[in-house]
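Labels run A, B, C and D following the written order; every chain starts at residue 1.
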Amino acid sequence: MPEIKASSVEPGKKAKISNTGILFIVLVVLFALFSYVGRPFFFSTLNLVPMLNNLSFIGIIAAVLTMVMVSGDIDFSIGGNIGLTACLVALLLSKGLPGWLVVIIALCGGAIMGAFNGFLATVIGVNSIIATIGTMFIWRGIGYTLSNGESMLAMNPVIDYIGRGFLFKVIPFPIVIFIVVFVITYVIMNLSKWGRRIYAIGTNPMASYLSGINVKKVKFVGFLLCGITASLGGLILTSLSAVGMPQHGQGLELVIISGIVLGGTALGGGKGQILGTLAGILILSVLYNFLTIMNVYYFYIQIVQGSVLVLVVATYEIRQSRALKRV
Amino acid sequence: MAKPEKQYSGFKNFLRTPTPTLIGLYIVMIIIFTIADKNFLTVQNFRGIFNNFAVFGVLASGIMVVMLAGGFDLSIGSISGLVGIVSAVLMMDKFGVPTPLIFVIAIVIGCSVGLINGLIITKIGINPIITTLGTLAIIRGVCYFWANQNPRIYNVFIQGFGRKFIADIVPYTTIYIIVFFIILALILKFTRFGRNLFTIGGNETLARLAGIPVDRIKIITYVISGFFCSIAGLLLISQLGSGRPEYGTGAELEVLTIVVLGGVAVGGGKGNFFGVFIALLIIGSIANGMVMLDVPIYLRQVVKGVLLVLVISIDALRNRRNLQLY
Amino acid sequence: GCKTTTTTTAAAETTAAAETTAAAETTAAAAETTAAPTETTAAGGYPAYEALREAAKANKEYPGAPAKDFSLAFTNIMGGIPFCESVWKNVQDQWKLAGGDPNKLYYADNQYDATIGLKNADIMLAKKPSVLINFQFDSKVNSIIGVKFGAANIPIIAVDVPTPGAPFMGVNNFKVAYMAGTEAIARVEAMGGIDKIDKIILMQMPSGGEVTMLRSEGFYQAFVDKYGADVIDPKTVRADGGAGEAEQANKAMTDVLAKNPDAKTVVLTSINEQTMSGVIAAVQTAGRWDPEKFIVITQGCDATGQQQLRDGLTDASIAYFPEKYGEYLIPGSVALMQGQPVPAFMYVENQVITKDNIDQFYPKS
Amino acid sequence: MTDNNGIVLKMENITKIFPGVIALEDVSIELYKGEVLGILGENGAGKSTLIKILAGNYIKDSGSIYVDGQKFEIKSPSEAMASGIRVIYQELNTLNNLSVAENIFIGEQLVKGPFKIVDWKAMTKKAGEILGSLNVALDPNSVIGDLSISEKQIVEIAKAISKDAKILVMDEPTAALSEEETQSLFKIIATLKSRGVSIIYISHRLKEIFQITDRVVVLRDGKKVESIKTKDTNANELVTLMVGRDIKEMYPKREVPIGNTVMEVKNLTADGFKDISFKLKKGEILGIFGLLGSGRTSLVKALFGANKVKSGEILINGKKVDIKSPKMARDEKIGLVPLDRKVEGLALHLGVKENITLANIEDLGKGFLIKKQLENKKAQMWIEEMGIKTPTMDQEVNSLSGGNQQKVVLAKWLESGSKIIILNEPTRGIDVGAKIEIYKLMQNLCEKGSAVIMISSELPEILSIADRILVMSKGKMTAEYSRKEASEENLLQSACI
C-alpha cells in the first residue's frame, strides 16, 4: 500500500509552478518593463488608478463568466446586457426615479436576462454559444429601442458614486467592487462546495448528474449571476461615462473571453482559475495602456494583443506536453 | 445471419437532424413575409438575398470542414479582409497585376494563413478557438497596413466575379456556393479524407489509434478554410467595388451562427451541407424580411435575435427525447 | 449667428459646470447653430489665433516656434478611415510647423467606441498634455471627458462632435447634411420636381449615435422644409447601413431595392463615403443603376469620395476638408497654450464639390 | 524471417514510467506464430500499458521491440497498424454519430476506382458478413449511438478482424459480452489462429483463459512474474501468481441475517421494462440476471431517478417515494455504480479525492465552504479502506487502472452514506483480487445494515454471491430464485423466455 499524500495542489494543476503563477510573473515583468520604458507616465497613480477603474466592469464580468465557462458553458450576451442596462438606467433616471431604485431595477433586469439565458441553456437545452449569440442581439436591440438610438445623460448621486465615487475618500468605488467580486468568486470557486460542483460539472456533467448534483441548477445559477454581474458592469460603465447608450459594451464579449482564456480557462469546461482570469485581464489591460502611452497605433496594439494571447497559451500547451513527454 | 431488430434508413437519420425543423421554419417565414409584402417572393428579391449571403456561404463551406474535424476558425473574417485589401491594392494602376495572378496571390495568401493556423493548432496544440481568436486580431491589424490606400475596383472580371447573373436571374455567387457545397458534400461522403474528418471530429484519440494522420488532416482543413476565405475576400471586393481593411469584420460570428443553426456540432463530427444551406437562407432572409415588414431599424436586432432563439429552441424541444438528462 | 466666446480661463470654469447642464445644452446648441455663419469666424477678437491661422493656412512655419515647450494630445474618432487619417496627418504636419516636438504629440484611437474613448482620455490625462484635441463620437460621453480635463486645467478643443464647455472645431453635422439636402433638392427641381422622385433613401448608422444620425436627418429636414413632411415621409426609406462601412450598407441597399422594385428615380445619401460606395455597388449589382435617375449626394469628400465623384458615381459631395483640420486645430491649440482666447466655433468652410469643380479643390496628382 | 523459431513478436526489457507509477519494469514477452497468448494480472498490473506500447499509442521509456526478428521503433499507431498489429482496446472506441459499417472501417474505408471513391455498398456488405461471422444480428446501417455497450463491443471486434492482421491484441474483449457472443468470438479466434494469426488475449476471466490460450504471461505490479503453458497450470496457481499470495476462496460468501424490507417496487413500468415488482431486504444481496438488452440497466436507472417512471410505485422503508432525479435517489440513500464508469461514474480529470466526495459535497463542511482537512481525511480513509492504488489522493482518476477506478466509484457512494447500493456489472474488467475485495465489501455493507442490488452477467458470480436472483427477459421479470433454488440451467432458461 503506497503512502497516500494529501497535497495542497488544486485539481487540474500539476506542474510545480502553476500556469497562473507564470502568468503573474509575466505580469510583474511586463509591469516593471513598462514602468521603465513608459516612464514617467506609466507608473503613476494618475495612470494606474483610472486604468483599474476602466478595467473594473470588464473584470467583474470576466470573473463570473469564468465560473460559467468552467461549468462548460459560455455567455456571449454580456455586451448586449451592458448596452441594455445602460439605456435602462438612463431612461429611468430621466423619468425621475431615485438612484437606489434604478440600481435595484437594473440589477433585476440583469437577473432576468441571465435567467433567460439559463432557461434556454438548461430547461430548453439549447447550446449556450448560439443561445447567447441570439440573446446578445435581443438585449442590444431592446437597448436601441428603449433609447431610440440616442445616448442619454445619466447623472444621479447614487449612479455617480458607483463609477466615480470614493470609499473613505481615497479608494475609487469601482475598484472596491472589482476586489469584492474577485474575492467572492475566488472563494466560491476554490473553497466552496458550489465551486466544487462547478468543476465537477465542467469535467463530466453526466457523472455529476448521476452523483446527485443538480446540474441544471448549478448552470442556471451561473448564467443568472453572469447576467446580474453584466448589468452591474453596465451600471459601472454608465457611471464612468455619465451616459447611458445602447452602444455600451459592444464587442466586449470577445475582449472578456480573451482575458479569461489568457488566464488559462479551457473552453470545454472543467479547467480554469479565478486568479488566472485576474492575471489575464490585467495583462491585456496593461498592454493596451502601455502601448497607447507609447503612441502606438490601434492596429499594432491589436497585433500585439493577438500575439500575446497565442504565445501565452502556447506556453501552457508546451508545458503540458512536456509534462506528458516526461511520462 | 439473424434479421436485425432495428432497421435504419438514411431518411430516418435525416429526420434526426435539425434540417426538417429549419425547412419548416423557413416555410413559415416565407409565408409571413410573402403576406406582408408581395415583393418578397420575387426573382429580384431572391437574387439579392442570395448575393447578400454569398460571402457567408463561402466562408461557411470552409468553417464547416474545419468544424467537422472538431476544429474552429474565428479568423475567417480577418483572412478574407486581408485577401480583399491586398488583392485590391495589387489591382491598382501602380501595381497593375494581371487578373489570373491576382487569383493566385489571393489563394496563396488565404491558404498560407490557414496553414499557419493549422500548424499552431496541431503542432503546438493550442485550442483552435484561442489560436484563431489571436490570429483574428493579428490579421485584422495587418490589414490596416493598407489603410491609407484607397483602391477601387475597375477590373471588369473581378467586378463581375461576385455580381453577375446568369440570364439575369441566377447570381454567379449562387452557382459558386452550390458547386462548393456539392463538391464538399461529395468529398465528405465519398472520400477517405472526408470520412476521416467525421472520425477526427467524433473522437480524436480514436482517430489516432486507427492510424489516421490526424494532424495532417487538421492542417488541411485550415488550409481549405483559408482557401474559401480567399474566395470570400475576392467576392467582398467585387461586390463592394473597393478594398478596405475592415471588410469581413464580424463575419465569424455570423458564419458561426449559420453553421451551428444548420446543425453542425460545435465539438465536431456532425453536420451536413443541406442544413447549412437552409440556415443560410434563413439568416439571409431575416434581414430582408425585416426590410419587407418595415420593422423599425432599432427593433431589427431584437427580431433577429428572437428568431434565432426560437429556431434553436424549437429544434431542441423537438429533439427532447435525445436530450441529455442534465 | 451665435458667437459665444470662450477663453482658456473660462474653459476650466465652464467645464466644471458642465457636469450638470452644459452637456445637454451644447448638444442642443449643435442643432441650433444650423444658422451659424457659413464662413469661419469673423476676424478680430482673437488676434493670437488669427495670426497663427495665417501661418497655418500658408503652410509655413509659425513664427517663433510657439509650440516648442508644450505637449498636445490628439484622440482620433476611428483610426484607419481615410477621413480620420487625413485629419491626423494634417495635425502632425501643422504641429511640426508650429515648432512642436513630435514626441510630445500624443495619439490614441477611439475606435468609434465610447468605452475606448473614455479609457484613452484617462491615459491622455495621465500624460498631462497642454491641450487635448478630442475627437470622439458621442457628445454626452464627451461631457465627462470635459469635466476630467477641466478639473486638471487642461483645455480641450472638440472636433466635429461637441465637447461641452470646450471650443468646437469642424463641421456642424446637421448643417452640412442640410446643405447636402439642399444640393439634392436643386437636382430634384432640375429633374422636374419632387413628384418625379420615387424614393429618398437615407443609409444611416444607428450605432454611430445621434450626432452621426444628424448627417441623414439634416438631409431629410431640408426636404421636409422644402416640400413638407406629408410629401416627403411616404418617399423616405431609412436603412441601417451598419457601422459606417460598405459591407452592411451594400446588403441593406440590396434589400431596400427589392422592397421597392418600382423605385427608378432615387435620392441617396449616407453618413460617409465608404458607406455610399457599398450602396452604389448594390444598385449596380441589382442592375438598376442609372446615373441620370439616381441623385447621389455624399458627405466628407475624402479620397474615396473624390474618386467616386471623378468616376461619375456621385453627383456632389459636401467637402469637410479633413486634410485642413490641422490648420484650425493647431492654431487653436497653440493659442490655448499661450493662454489666448479662441473662437467658440471654428467651422471649416464646407464646400459643395462636384465633378466640375473637383480639380480646383483636389488637383489630380 | 522465420529463422527465429516462429517468433513473430518480441518485446524486450520494456519499461514505462508514469508520474508516480512504474507501470512496467523490465518486462519481456515473446509471441509465436499462430499462438494465443494470454496476459493476466491484477488491475494496474500494466497489461494495457504493455499493449498500448505495442500499438504505438504510448512511447516506451526503454527496451526494444522486434517484429519478425527486425528491430522496430513504433512511434505511432499507424506504423503499428502498417506492420500488421491490430488492437481491440479496453476502452470502447466507437463513434456514436456514425453507422456500424463505417465504424468497422474507420480510417480504412473500402474504396473503388481510380479516384478511390468510398464504396458504401461494399462496406455495408462486408460489414454484414463480418457481423454474420460473429453470429450477431446487427444492421450495418444502424447508428452506433443507439447500440448498447455490448453491441458496441462487438463492433469493436468486427473492426479488428475486418482486415488481415499478423498480430491481434484483445484487451478484455468479452467484458461486455454475453456467453453466446463470447463463444462466437472464440470460434473466430480459432479460425484466425489456424490461419497463422498470433493473438494476445487479455482477460480477467480465467475460464476463458483456459479455454482459448496456449500460453499465459502473468504480470504483477508492472513486472513479469511468470510465463507458462496453459496446459501446465491451473486456476489456483495463476491466481496465486497474479495476487502474489494464496486465494482460498474465489467467491467468499458469508451469511448475513436478512432484515426488514427496505425497498419495495410495485408494478414499475418505464422505457425498457414493464410491470416489475420485487422487494429488497436489509442485509440482502439481490442479483438481477438477464441477457443483453433484457432491461436491467433501464430498471436500475429508473430506480435511481435517471429514467422516467411511467407507472407503478417505489416504497423505501414502507414509505412511498417519488424519485425524480439521482439527487433525490441519493437523498433516499440510494447509490448507483453504473455500467460505464468513465462516462457515468467519474469526473476523469478531477482527482481521486474529488471523485470520492463527489456525491456528498454537502458533508464536506458545515456551511458554504469545504473544509479541506475533513475532505482529505475522508478521502484518505476510503483510499485505505478500499485499497485504492494511487500515488496521491490528488492524482487524476483518469490515470488509474480500471479496477481502481471502480473502487473510487464505490467509495463515492459509501462516502455519501448509501443504504441501498445498486451495482451494474460491478466486476466488469476487474481482476480476481479486486473482485474478491468487492464481494467482501458488498457483504460488509450488508452486515452494516445496507442492501445491495447487483446486476451481473457472470453466472458463477451471481450464483454464489446473490441471496436472491431476479431474472429478466425482454423487459419483464420472468423468475425469482432463492440462492438454493438457482442454478445455471434455470437462470439461463428463465432469461431466454
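Here is the rule we go by: a contact is a pair of C-beta atoms (placed from the backbone, for glycine too) under 8 Å apart; a residue touches a chain by one contact, two chains touch by 3 or more.
Predicted model only: the values in this text are computed from it and were never measured.
Greatest centre-to-centre distance from chain A is found for D, with centres as Cα means.
Across the assembly, the chain pair joined by the most C-beta contact pairs is A-B. Chain B and chain C, compared by their mean Cα positions, are separated by 37 Å.
Averaging Cα coordinates per chain places chain A and chain D 43 Å apart.
Spacing of chain C relative to chain D, judged by their CA centroids, is 73 angstrom. Multi-chain contact residues, meaning those touching two or more other chains, occur in chain B at positions 144, 147, 245, 297-298, 300, 325.
For chain D, the set of residues touching two or more other chains reads 306. In chain C, the residues that reach two or more other chains under the touch definition are 79-80, 206.
Chain pairs that touch one another: A-B, A-C, A-D, B-C, B-D. Looking at the complex, you find that chain C touches chain B at residues 79-82, 85, 204, 206, 238-240, 243, 245-247, 250-252, 254-261, 274, 277-278, 280-281, 284-287, 303-304, 307-308, 311. Residue ranges on chain C touching chain A, taken from their complex, read 19-20, 23-24, 79-80, 105-109, 111, 113-115, 118-120, 122-123, 125-128, 138-141, 143-144, 206-207, 209-210, 213. On the side of chain D, the complex with chain B involves touching residues 55, 57, 76-78, 80-82, 87, 89, 93-99, 102, 106-109, 111, 116-118, 128, 131-132, 135-139, 141-143, 146, 306. Within the complex formed with chain D, the chain B residues making contact are 1-9, 13, 189-192, 194-196, 198-199, 202-203, 205-213, 269-270, 325.
Those residues of chain A lying in contact with chain C across their complex are 41, 44, 46-47, 50-51, 53-54, 144, 149-153, 155, 237, 240-243, 245-252, 288-289, 292-293, 295, 297-299.
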